[in-house]
Each structure stands twice: as structure tokens, then as C-alpha cells.
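See below for the structure under consideration.
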Amino acid sequence: MSDRLARLLLKEDIEAFLYQEAELLDERRYEAWLDLFTDDAHYFMPMRRNVPHDEPEREFTRAGVDVNWFDEGKDTLTRRVRQILTGIHWAEEPPSRTCHMISNVQVLATDPADPTPTEVTVRSRFLVYRNRVETETDFLVGRREDVLRRVDGGWKIARRRIVLDQSVLLAKNLT
Amino acid sequence: MSDRLARLLLKEDIEAFLYQEAELLDERRYEAWLDLFTDDAHYFMPMRRNVPHDEPEREFTRAGVDVNWFDEGKDTLTRRVRQILTGIHWAEEPPSRTCHMISNVQVLATDPADPTPTEVTVRSRFLVYRNRVETETDFLVGRREDVLRRVDGGWKIARRRIVLDQSVLLAKNLT
Amino acid sequence: MSDRLARLLLKEDIEAFLYQEAELLDERRYEAWLDLFTDDAHYFMPMRRNVPHDEPEREFTRAGVDVNWFDEGKDTLTRRVRQILTGIHWAEEPPSRTCHMISNVQVLATDPADPTPTEVTVRSRFLVYRNRVETETDFLVGRREDVLRRVDGGWKIARRRIVLDQSVLLAKNLT
Amino acid sequence: MDNLESLVDVDRGMISREIFVNEEIYRREQEQVFARAWLFVGHESQIPGAGDFVVSSMGEESVILCRDRAGAIHVFLNSCRHRGMKVCRYDEGNTVEFMCPYHGWSYATDGTLVGVPFLKDAYGPQLDRARWGLVEVAQLENYKGTIWATWDASAPSFLDYLGGYKLYLDLLLDAWDGREGGTEVIGGVHKWLIPCNWKFPAENFSGDRYHGVSHRSVDMVGIGPSGKGRRDMQERNEARWLDVSFPELGHSMIAFLRAHDSPLAPAYQDAPVVADYFRRCEEDRRRRRGEYWRLFGGPGTMFPNTSPLARQPRTLAVWHPRGPHQTEVWRWYLVDADAPAEVKDFLRHYYIRYSGPSGLTEQDDMENWNYAHKASRGVIARQFPYNYEMGLGRATRAFEDHGLRLPGTISDVTAANASENNQRGYYRRWRQFMEAGSWKDLVS
Amino acid sequence: MDNLESLVDVDRGMISREIFVNEEIYRREQEQVFARAWLFVGHESQIPGAGDFVVSSMGEESVILCRDRAGAIHVFLNSCRHRGMKVCRYDEGNTVEFMCPYHGWSYATDGTLVGVPFLKDAYGPQLDRARWGLVEVAQLENYKGTIWATWDASAPSFLDYLGGYKLYLDLLLDAWDGREGGTEVIGGVHKWLIPCNWKFPAENFSGDRYHGVSHRSVDMVGIGPSGKGRRDMQERNEARWLDVSFPELGHSMIAFLRAHDSPLAPAYQDAPVVADYFRRCEEDRRRRRGEYWRLFGGPGTMFPNTSPLARQPRTLAVWHPRGPHQTEVWRWYLVDADAPAEVKDFLRHYYIRYSGPSGLTEQDDMENWNYAHKASRGVIARQFPYNYEMGLGRATRAFEDHGLRLPGTISDVTAANASENNQRGYYRRWRQFMEAGSWKDLVS
Amino acid sequence: MDNLESLVDVDRGMISREIFVNEEIYRREQEQVFARAWLFVGHESQIPGAGDFVVSSMGEESVILCRDRAGAIHVFLNSCRHRGMKVCRYDEGNTVEFMCPYHGWSYATDGTLVGVPFLKDAYGPQLDRARWGLVEVAQLENYKGTIWATWDASAPSFLDYLGGYKLYLDLLLDAWDGREGGTEVIGGVHKWLIPCNWKFPAENFSGDRYHGVSHRSVDMVGIGPSGKGRRDMQERNEARWLDVSFPELGHSMIAFLRAHDSPLAPAYQDAPVVADYFRRCEEDRRRRRGEYWRLFGGPGTMFPNTSPLARQPRTLAVWHPRGPHQTEVWRWYLVDADAPAEVKDFLRHYYIRYSGPSGLTEQDDMENWNYAHKASRGVIARQFPYNYEMGLGRATRAFEDHGLRLPGTISDVTAANASENNQRGYYRRWRQFMEAGSWKDLVS
């Protein structure tokens, strides 16, 4: 019972973290959002191809090898944030109205013996609704797998893998 | 631990409340839904404007001052419900098929000393899917900030602020 | 307190089960998904009609009587899965990219005296996003009511009722 | 369309992709085809009582099928005569009148304009109520429970429109034991959208025995009533396969003619009660129908957009045009009205797993129609006609088997496996409709 | 359109559905109507200071309403002269210039092209900056705080365009106590989309007293300022009901003329401060307006797409065309600028619960316009014209009541309850616009 | 289009907005431009082995690029000859044949129709298989690994179509050290949609040095290979800036000509290995290319819709038309095939952060194209042509620098900073294509 409880509190803890992350993004507090990543963070979003069901290995472009949607470290993320903050990044000026809905949070099995692991792997689903200017509207839906690391008391994102459920990107940009 | 547990149970309690609210709406039990509001409830949904990133104060219309989507008390809410119940409110007759998906529930910090606060502020995200008649379909997506008050054992909504992620309303009505 | 805690753990347990089910579907592990159903499982999805608000009994087609979208047992479900696995079920070859977002999980009142019931009724909401080939995209949104049964330690789905919030199906198939 | 000649060359089996993707042709179809032809609207058993109604569709438009207080059946355009508001936004129900929610004009179930707010004060003599009832179809026919209608007063009667095809349509509408009529709809009409031109499914059902590849996955899995394959094949394996077309009408069906000396075929083995029911039916059928007992139907299409499927799963599908690139399908499911409950339930399960968007079989059809349409829209693709050469010139208008003559232009494909005889007949008629100035040009 | 004659027969009260659903007619409307007519753009009080701007819309196009550094008001097409980029993607703000985000051309708030990167080096003499400022409207008028504009230099002045309708528009724009002007917008412009042709709401507001059925649910629930019904009815119940139209202009309004000897009518009973305010206003009004105090307005439409609603909830609505099948509504809310805060707040609440997509009343209008439009698109439906016969031939051009003459073609519907006098006048003018070669043909 | 003359007046630098937003013009483009011109299909390195294929797009249509069993490369229309079904719905793979999922016709990788179910029985002699293979392009060229094709047999050879532009295209396709060819694609083709006409990006890439404002935010943030700005600027700062156009072909590029006596320029300072690699490349380049070593490329457009970007990030973009108001972009990324892994990886990161919808730079381009297009659709906007006057009449057809002659109509913009020389050349050719009856009218 008590270790189930520990796991429960752990998951609660992580859910709160992910919800807070969404809050920071939608409140456009991008610098605070950036602080949620470790310095060695890896941010990865592959492209997807339509391939035969029995060649799944061809479906995703590969990190570190192929051209991907994202495949970068904190440095580049930082530049993305700083670009928005310039106020002349036209694709985000006027700012978009976004809503990050997070669901299906799964904390992958951690050592039950260890109630307070320093790293956990977390799966979640997202639906990002984006609306800007007059009627421009996008839905970005998919899954994430994050590795969260405990850094002085709080959590930080050490690795993020985003799987978008699209092949041809049905939006003009990914800001 | 035990106060973390108390907070957890509190959150669980509130999630259950919000899910039940969604259930009442989608089951069209509007009068029961109305009972979830305190008599002094304030129901508010501002309009949003596209403004420069450095003039955020202009983005939302103001409660009690501007024209908003909603800015009213329980009396008007009651009239809305009674209108639907007339059965000749054509915009809802035949009734719409709606689904209120609630996620990202965040109970804002309450006094840790007090495990059973009488008022809590809760943030959540919603995606309302509405489909009616043949193919008419709308998505309403955004955030809510509710103040819930404990009234004899249960919770009631004392204040609700809804932020819809649209500027031009992409639907013909908000019923 | 302790029984509230038990209920909480129960709900946690069931959420994990539903999220894992979504994971199996979106990972296309259909056989593993099939194992989540009891042998006597009933899988039901009625059609919906636009009817006057005061004739709700006409709204849904009836299980065991009318033609429905789904109204079947595990045997037919198994055939559906096997068809996909043939690799020549063109409607799913190349495979779709799907994302099952689950929210609003409600465990309906169980006997508080019994902390580990053998059957529970669970309500949840789903948003299924499906994208395939180039730009083909569908949203299927609605509610589910499942009866879950505890089978040697784990849960299985004994009954599922799916309510899709559409009248004319706005998609070319339900795979 | 002056160039239809070059687009539809049935004699050579060449049909241009334009007729499926061209917006102007689509617009013309609404006037030339759907405003003239007899269209299927619904089934009597959907509106048993006075005041019962269901909303249906004719071409692109919403119509109301209802039974008035006197029990007479009507079909009306679902649009108010005042400002066009849809007077009924329900799918079904029972009512004494249809009241328009905009200004309150109300119409009786026989279509007459019975209520006009402030009639005397506001309109006085100006409004001649008799001239402003709901728009009703020009002709309506209740054929063995199925309701058909046309907007064109100059159209021939339904029976003339049906012509020699009657024999085949009856294979669906008569009871399995050979009695006239006696079929009913089991509740619930499937409705869904397909991203393709409406003629793809219409021609497919008209007689496409050739797309086995589409359904091979189902054959492997097995969903048939005997638990194998898609259907019970045995009786078909010892029958003659006939592609029956009426080019001068546009109707067609896939049919099976069993040997004059063939025994009963076992079927539904894994459901004794059902097997037993059908065996008895076939015995009665022989008694009642004589030599015709040997004739069994399959999928077919009645011009322009109604497809009977004359064997289990017994259904009627209508392919409603929703723009050149989209089709809305409505699907009715039929059973013998007086079959035992257990048989009806068995068939219901079979229909559900076989048909429609949740059916294992037709999902793959829709995938094919979707991308066949899509891949035909481009400027290059439209230069290359579709090929309808299969079985050119092999059909006869005088089919006979052991003294049994069958009507229609028939291609025996028992050996050939398949032909495009029916599709050619369908498009021959389609072109006539598109070129005709009025019904005068369509009746010979 | 050579066939407009057959489509719009105002004298017989018959108007074809084509004019609402036909794509070609819609395209022509953009050139014949919206590129010529005076259109409402916004309100002075939205841009009080130099450099203030709001983005608005004229027909399908985005425009900028702004006040230049010298305080002059301008309306510009929101599109860069270089490659057309929208120079302002904000809804409102204050600026010294509009800089195009594509190549950086920048325009002063008076529209002049003030900044061109590398002007000397890259263009030298080639670019004549004076010719490449923002496209400005041909004429602009600030009428009692409301800003109107037209793209057509040959159009008559706004006051000529307004004509005799001035008396009625003033019922909205003048203070309730009869002083000229003195109204202001309370912050926030409602904007939303309706799936119907833009003329449905335009004609509805022009004078549709007849759609009570649409709003019966509201009457039952009661949202009126006195807590009952939709509005305070009493004063209207003892007034004469007038449908006022200016067929030669296209404008119209629903009006109420109170008896020459009628007392003040109690109103807003459940809000003493408000009741008191309006009572005082009406006293002043009588003093200032003499006999005209008796005239009260309601909804109306100023050709082509602006609808004043001249009583509480006092609003201005514009119906922007967004394709033949969609309309974008913009809604401004007006109050007496110097009314007490409590009165303004009371009215604000009333407006919100009454109007727009979150208003109990208009939700039902939109449902009706949506499905009236949809049910009028089909090939059969388009054969049946809408009926505008109500009150044909009952109007007078010389209305008088106890010596008070009122301008316009007026139909007294006190007894009739309603007429379609105003709609007929509206479409008469619409047809003239659609047939006219230029403004020459439109001014008599 | 008889009125193209008035719409596209290149000599005066005036081009109507109609050509971007008009539906009829768009439809004509499909026939006049995309059915005739040479189009980019893909890269050899995507299909190294026999049976390898990738699906690509030519204009609006899906095509298959594959290598047959004999190693020959083909491009086929991705549509079955029977009923048009897409024979390949995968993006890539390896196969022995393409089997149509509808009726099972199967085609070998060389396009021949090899499998027809029931061929003998159902078709007999009727079907001449040789005439019903997959539709193949009329001409195909493998130019240094890039695959190009045209549907028009009467089109000139690819090398004639390329003409003098070869020198500039080679700046992308040759190895950086000056060897012929030697570039490869790094896995993954970016594909995304932009809501604008396809000519906005095509003209932007053809030579728009003028939109620095669009990217100022990136310059501030710095993503260049040396961690500053957008690119390494130094070498460009001491070079001559040339806008190179071939108006008679429609091709163009932004180029840089370094001083005949200029030293090597330091670059990639914060990545020694990369800096070292490029230094060595440039030394070899000087040796191999002689005076031509001085020529460096930038973005350009090969008529009609392929844009090479001849320096880091080295890419090939194709702007596929998807209706008048939407463009689908495909983006290939090129590197020297035999560059060290570390260099390839460095560049890969640079490409990702720079280009496409996830690139910091091009996001802003797309925002501009989106709203430039949108703001140009209205009836008023369309009365005001775009301005292409920049640098009118400054170009020379006989450019020379210290004895080095460069082909093309060249505008030296070192001092001017920018010109619209290339855009004018592009639209001059576009108009010729739109007016031409056939290729005869297009080759002088």
C-alpha cells in the first residue's frame, strides 16, 4: 500500500509539473518555460512517413542522422525563445492564442524500492489548439515521451521525444 | 507526507466535481448543473483582441466595464437554462451533442496548514466538441479559472473565468 | 480517510489501465489490446438521431434490436483485429496515425465497504485524432461507459458502451 | 455538355475521368439526373402510423417522408415556402403539423399551409394559401413497402421506369420464401460520408465482381454466415453467374442462376435455426416461383443512385451527391418481416460486421473510391480515360437456360469471372440523361 | 446579370432564392454593391487620440480606421502597395506608422509612404512615393461619431446617401434626451460567423416584425429590462407601429409613433435609477423635439449591410459578406455618453444577455438564417421564390398623424401586426445596384 | 487569357494581384505551365537500389519515382489505368511491383502492366496490355543526381531548358571543392502547407534580397554557423552582389562574386573541423575552377516552382500548387556526399534551425506570404497592381569582372542592395507560358 501511495504521489507530482509547463507556454512565459529544461536537454521531434505496416523502422526519421522537425539542445531552444521575445518574430506577433491540453500521463515503471527516483520516464498525450489573428486555426495532436530529472527538489526535462500524428505538416509553422 | 496526501485528496475531490459538472452538461441535466453555482456566482467570459505582445492589458475585455461574451450572475444563467428547457429555443432544439473534455486540473496553492479549505482556486482546460443536426460541428477550446466554495460538504462554483482561444468567434452561438 | 484513499488508489489503477489501453491502440499492438477484453465482452456503439428534446428514448439505436455502429462480442472484435494484421486491409494499410486522448475518468460509486471490488463501472471521454496517408484527418469525440472486471490481479473490459457525438458519421470508416 | 460524346464512349469501353471530377458536369447532373429520375426515399415500415415522419434526402436536398392523418404517404421538400427555413430538423418523429421556427407558418402532414400568423390582418387576400403549401414531389410510388419519388411530372410511371428490372428488384423486396413483398427495415439507418464522387459506389454496386482483391483480407479472416469467407459461396459455385443490365433504363444487377436440377445448398451451418429457416424458405420458394426459384440476386444499381443488395446482407444503399468530391451514403437493412426473432438477430449481426463504415468489407471499398477519385483530379490524369473494355460484345438480349428466359442484356460470366457489362449499361443511360432536353428524349 | 428582372419581382413580392445562394451573383455583389455603397466602418470613440487605430472591414476586405497625428480620421485598405502584405495584423492600438513586416515599407498614419528601405540606392527616381501610399477610401464621413466610407468617388455625399432616413438613424445616434449626437461605444466589439448569406440578417433587421415565433422562448423566460418578455412592451402597445422604408435608397426601419396625448410610459421598473434616468430623458426629449418626441425607433437596415437598432439594446450591426454562404457579424454597443455609470452598467448587462451569439434572443435568429440558407441551395428549392407579399400595396408616401408628417414609404401595421414593406424596399434598391453601370444610374 | 497583357506589364514593373488569386488563371496554369515545364521530382540518392521508390508530386499530382529491376529510373503518374486508384499510398519503400488495391491490376517497376486478374477469361483479346501501363513522363533527366521530368514530349531537352543557368545550378549540385556532382540528400524531406499562392515563395526565392525586415528577429538572435546573424556575412560583404536572371527561360539566382584578389574568408569559426573542411574545399575549388572559384550562389528559382539554395543551408525546395490559395512545400537538404560525418551533422543542425516550418527564419516568410495573399483577394485590392519597379533598366546582358564573363541578365546590386530584376524575369516567362499555344511558341 505505502509504495503504491508513493508512486501515486510521484505521478501526482509529475502531472502537476506537466500542467505547470503547459500553463507557462500558454501564458507566454517562455523564459520560465526554458528553465524547465536541463542544460543538457535534448529536444526531438521526428518526421513520419507512410510505410508498409511491416517496415515500421522506416516510419520515423532518426535523431542525430536525418533531418527532423526538431533535433536540438537547449542552446537552439533558447534562441527560439529569444526570437519570440524580440517582438518582431512576425509568425508570433501578434501572439497566437494557444491551449496545451495534456492527458494520458503515464509514469513508466520505476524501481518500486526507490520511492524518490532521480530520473523518471513519462508518457503523455497532447492536443495543442492554436488560433491567431482572425480565423487561423491549427490542431497539433500527438504523444510525448519525456525523461524528467530531479534537480534540487524540482523536476526538469532532460529529454523530450514528440510524436506528431501527421505526415504532411498541416500547419504553416511549428513555433 | 500526510499533507501532500491531503492535497492529493483535495485535488481528487475537485477533479471529481469538475467531471461531474461536465457529465451534467452533456447529459443535458441543466437544472442540476445550475445547482452547482452559488447564488452569488459570477460567470465571466471576456472577448480577446489581437494586440502587440507588449500591450497584454489590451488583450481582454474587462469584467464589469466592457461588453463581454459573458459577464453575469446566477439570475441570467438561470434564464439561459430555462430557455433551453422551453423546448422551443431553436438553437438548441433539436439538442446538440456535446462533449466537455476537461484536463490540466490545477488546484492553486492553498494554505498547507489547512487541509480542508473553504475556498479553492482551480485552473483547468476544456475542449468542448459540439455537433448538431446533420454535420454542424464546432470546437471550443480554452482555459478556465474557477473559485470553488465548500457548501455543506460539497463544492459549488462561486466564480468562473473562461478564456476562449479565439478572437473572431468561430461558431454561430455560445449556448 | 483510509477508504477515500482506497478509492483514490482504485481510480488511479483504472486510469492507468485506460491509458495503457490507449497506448496499445496507438502503438498498433492490437492483439495485446484484444487481451484486455473478457471472453464474454460486449462492445456496443449506437447510432444517434436528432429527435425532440422530450423524446430522448428515440435518440439512440438499441443494443440487440436495431442496427448499430457496433453491437458485438469478442469474436467479431477478434476478426477486426485479425483483418488489420493481414496487412492488406487497405483502409488501414498504410496504417493510420491515431491518438486516443482519454479524460474525465469517473469511477462510479462502488460499495465503500469493499475496497477491492471485482467489477467497477467507469465513465470516460475520448478524443480520437486520426490522420493517414497525406492529409486525411478525422476527429472522433464522445463518451464511454465501461464495466471493468478484475481478472487475476489485472482489469479486463467486460462491457463497453461508446457514445459518439455525431449523427451523420463524419468519417469514411470506423476502423 | 456538347462534348459528352467524347467523354463517354461506351461502345469502345472508354470513359473520361472528367465526368467524376468536373464541377460543371456535377452541376448539370443535379438538373439533368436528380431533378428528373425516380429516387428512393425510404420504407413504409419507418412510418407505420398517421403523423409519423422521417427526414430523407433526394439528391442534395432534404425531404420529409410522412404519413398524413388519413394514412396517405407524402414526400415534401423540407423547406418553408416563406423564406426557405427547414421546417423539420428532426430525423424522425410523429407530429400533427410542421411548424416553421422562423415565422411560424405551419403545414399539415398533407403539406397544406394551415397556419399563417396574422393571416387576415397582415396578408388579407394577398396570400393564396392554396398555392403555398409545402413543395411536394410530382409522383410517388409505394412499391412493396419501398417509397420512390420524382420531381418530374413528365416522368414515366415508376413501373415503366422499373421495367424489366422488376424481376430482379423483387429478389430483394419479396420474402425469401417467394411470397410477394413481406420485407421490413430493421431499425437504424446508417449514414456516413465518403470523399469521392457519387458514381464510384453506384457503378461498383451495379456489377463489380472484379474487385475481389479489395476484400481479400476479409476472405482470409472470415466473417461469412458460416464463419468462413465473406459469404456462403457454395451455392454460387455451382450456379451460372450472370451480369444483368438494362442499358435503356440504366439499371443492373449481379445475379446467380442455379442449375435446373440442383439440390438445396447447405448454408449457415454454424447456426442451425437460421439454416433451417432458409431451407424451408427455399422449399416454399420452389413451390411458389416454379423455375424462377433458381434465380438469386446480388448487388445491383437502379439508376441513378440506389443500390439493392438482393441477398444477405440484404440492404438498400443510396448514394447522395454532396458536391463533386463527396458522397453521403444512407443504408437500410431488410429482413423478412415474419422471420423468427433469432433469424433476424443473426442477420443483424452479420449485416453490422459486413456493411458500412463499421463493416469489415466495405471499409476497403471506401478507401479505394476515396483515392481512385483523388488520383483522377489532376490535369494529366484527366487526359487518360478509365477502361471499361471487360467483356465488350459478349452480352445477349435473349438469355435462356433450360427454357427459362431472363430479361435484360445479360453477360454470362461463369467462365469469365467478371465483366463490365453492367457499368457500360449504366453510363450509356447516364449520358442519355445528361444530353436529354426533357423526358421526351428519354423514353423510346 | 441580365436575368435579375425575373429573379427579383418586388411588385409581386416574389424573390428568387438564387440571389442568396448563387456564386456568380455573390461575386457581382462585391463589385456592384460593396465597391460603391457607403459602408459603416467604426466609431470615433474607438480612436480618441492621435495615432489610435482599429482594424475594421469593408465588404470582404480588411481596412484600418485611424486618426493621424494631426487628428484627422482616415480609412485605408489594409494591404501594402508593394506585395500586398497586411500592414496591420492587430485589432487596435496606437502607432506612429504602419510598417510592413515583409520588406519594411512604412506608412504614416495619414497613409503616406514615408519609409522605403534603400530608397535612394535601390529605386532612385523609379519609385514615385507620392503615388504609392496606402489605398484610401474615396469619401469618408464622420456622422455624429459614426464613421462611414465609400470606395467610389462618384458616389453622392453621405448626407445625400442617407437622405430622409436621417430622422430615423438619429433615433439611435442622438442622446435619449433629444440632444444631437452624444452617444458612445461601450468597449468591445462582438465578432462572429454565421453560416448564411449576408442578406438574411440584413433583411431581417430591415423590418421583420413577423418572426415572433423565433423568440417565443425568450418571451417565456423573460430577459427584458423590467424582467419580463424581451423588451418593455407597454409603450409600444399604445403606439402606432410603422414600417418605414425608403425604396429609392434601400434604407428602412421599424418605428413606433406614440399618441400625441400619451403620458410617459413606465419602464425599467425593477431598476429605479434607470427608470428615473429614462423618465428625465423623455421629459427633456419632449421639450427639445416637440412633436417628434413621439417617434421611437427599432431595428432597421441602412443599405446595404448596416443595421442600427435604435432602442435598447442600442446597437449597430454590420453584416460582412464572407462568401455566398457565410457572414461575419460585427456588433457595436451604444449608450448615452453622459449617462450615469449605473445606467450604463445596467444596459451593458441587458445588451449582453440579449444580443449576439451569447444573447438569448439572437441565437435563434442565427439558427433560422443558417438553415433557411442551407435549405435554399438545392436544384429544386431554387425553383421556388420566397414570398414577400405581406402588406403589398398598403404603404403611403404621405404619412401624417395629428399634423406630424413622417418621411418615407410607410406602412402602418398597428392593426396588421407586420408587413414586408421594408424588405421589398430593400431588394428594390439591391436590384438597382446590381443592374447599374455606375452611380449615374443610381441617382435620380 | 486574352487580358494577360494588362495583368503582367513587366517593362513598367506592374503586376496585377489577379494572377495570384484568380481561380481561372490558376486552372490555366495547370495546363499551360505544369503540364509543359520541366519539374523537379527527387534525388537519385533516395532510390539507390533496384525496386526502390519514393512518391513525389508534379504540380497537383502524385507521381512515383522508382528504379526498375534493371536499374533504370522512371517517373509514373500514381494512378491506375483501370479506375484511377492510387497504386502506391506509401511515401517510400522497395517493391517488385505496384499492385492496385481496387481490382488488382499490377504494374512492374518499369511501368508495364504485368498482372490483370482473369486476363484471359474476362478480357480475352480485348485488353491490349501494352497500351495500359502506368502513365510515364514524356522526358526524364538525371542531372548530377537530381531527377527532373516533363509531361510534354515536345518540350526541349533538360539541358536546353536549363540553358545558361547551368553555371548557377551547379553551385548547388557540385561538391563544394569544385568537383562535378558529388552531393547527396540527408534523410527526410520536409513537407508542409502554406496558405498562399505558389508563386509567392517562387518569386521570393528567385531573388528577394529586399525582405531583411522579415528576418530581423533572427539576425538579433543569431543562428548563423558562426553563432551570429543568419549566415556568415563577411565573405559576402567584400563580394559583388549580383541578381542573375534569364528572362527568356524564367530562371534566376542571387549570386556573389568575390574580388579576383580576395583572400579566403574565415567562416564557421566556432566549429574548427567545419571551418577547416570548408577552407580545404575552397582551396581545391580555386585550383579546379580557376576564375570561376569566385562565384557563389544563394537562393534562386528555376522556372516554374523549384528553388535551389546554393549555399548553406543547401536545399532544394519545390512549391507545389494546391489550389490558388494553398501551397505544399517539399524541401530536400543537400550535403557533399563525402564530407566528414562531423561536418554533415553540423550542417544538419544548421539546416533544421534555419529552414522550414520549424526553422526560425522561414516561419516569418510564411507569415508574410500567408497575409500578403489574403490581403490581395478583395475586389478593391485587386484593382491595385504590385510594384516591381526596383532597379528597372539597370541590368546588363554582358556582365564582366576582371575578364570573367557571367551569363544572364545581371543587375549588380552591390551598391543598390537589392533589385527586382529576377522577379521581372520570372513573370516575363510566366506570361509567355500562359499565352503560348504550345512549346513551339516558347522556344525562340
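Each chain carries a letter (A, B, C, D, E and F) given by its place in the written order, and its residues are counted from 1.
In the analysis below, a contact is a pair of C-beta atoms (placed from the backbone, for glycine too) under 8 Å apart; a residue touches a chain by one contact, two chains touch by 3 or more.
Since this is a predicted model, take the numbers as computed values, not measurements.
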Item to check | Where chain D and chain E overlap in contact partners, by chain label | outcome: B, F
Checklist entry - What is the distance in Å between the mean C-alpha positions of chain C and chain D? => result 33
Item to check | For chain A paired with chain C, centre-to-centre distance based on mean C-alpha positions, whole Å | outcome: 27
Item to check | chain A and chain E, separation of their C-alpha mean positions in angstrom | outcome: 47
Checklist outcome for this item: Touching two or more other chains in chain E are residues 89-90, 101, 193, 214, 364, 367-368, 371
Checklist outcome for this item: Touching two or more other chains in chain B are residues 5, 8, 50-52, 87-88, 90, 94, 101, 103, 127, 133, 135, 167-168, 170
Checklist entry - Could you list each pair of chains that touch, in label order? => result A-B, A-C, A-E, A-F, B-C, B-D, B-E, C-D, C-F, D-E, D-F, E-F
Item to check | Complex interface listing, chain F residues touching chain C | outcome: 89-90, 101, 193
Next on the checklist: Taking the touch rule as given, give the residues of chain D at its contact with chain E in the complex, in rising order.
Outcome noted: 30-31, 34-35, 58-62, 77-86, 89, 99-104, 117-118, 121-123, 126-127, 132, 135, 151
Checklist outcome for this item: Counting only contacts in the complex, chain C reaches chain D at residues 45, 47, 49-52, 55, 58, 61-62, 64-72, 76, 79-80, 82-83, 86-91, 133, 136, 167-175
Next on the checklist: Could you list, by residue number, the parts of chain D that touch chain F in their complex?
Outcome noted: 13, 17, 200, 208, 210-214, 364, 367-368, 371-381, 384, 386-387, 389-392, 413, 415-419
Next on the checklist: List the residues on chain B that touch chain D in their complex, please.
Outcome noted: 88, 90, 94, 133, 135
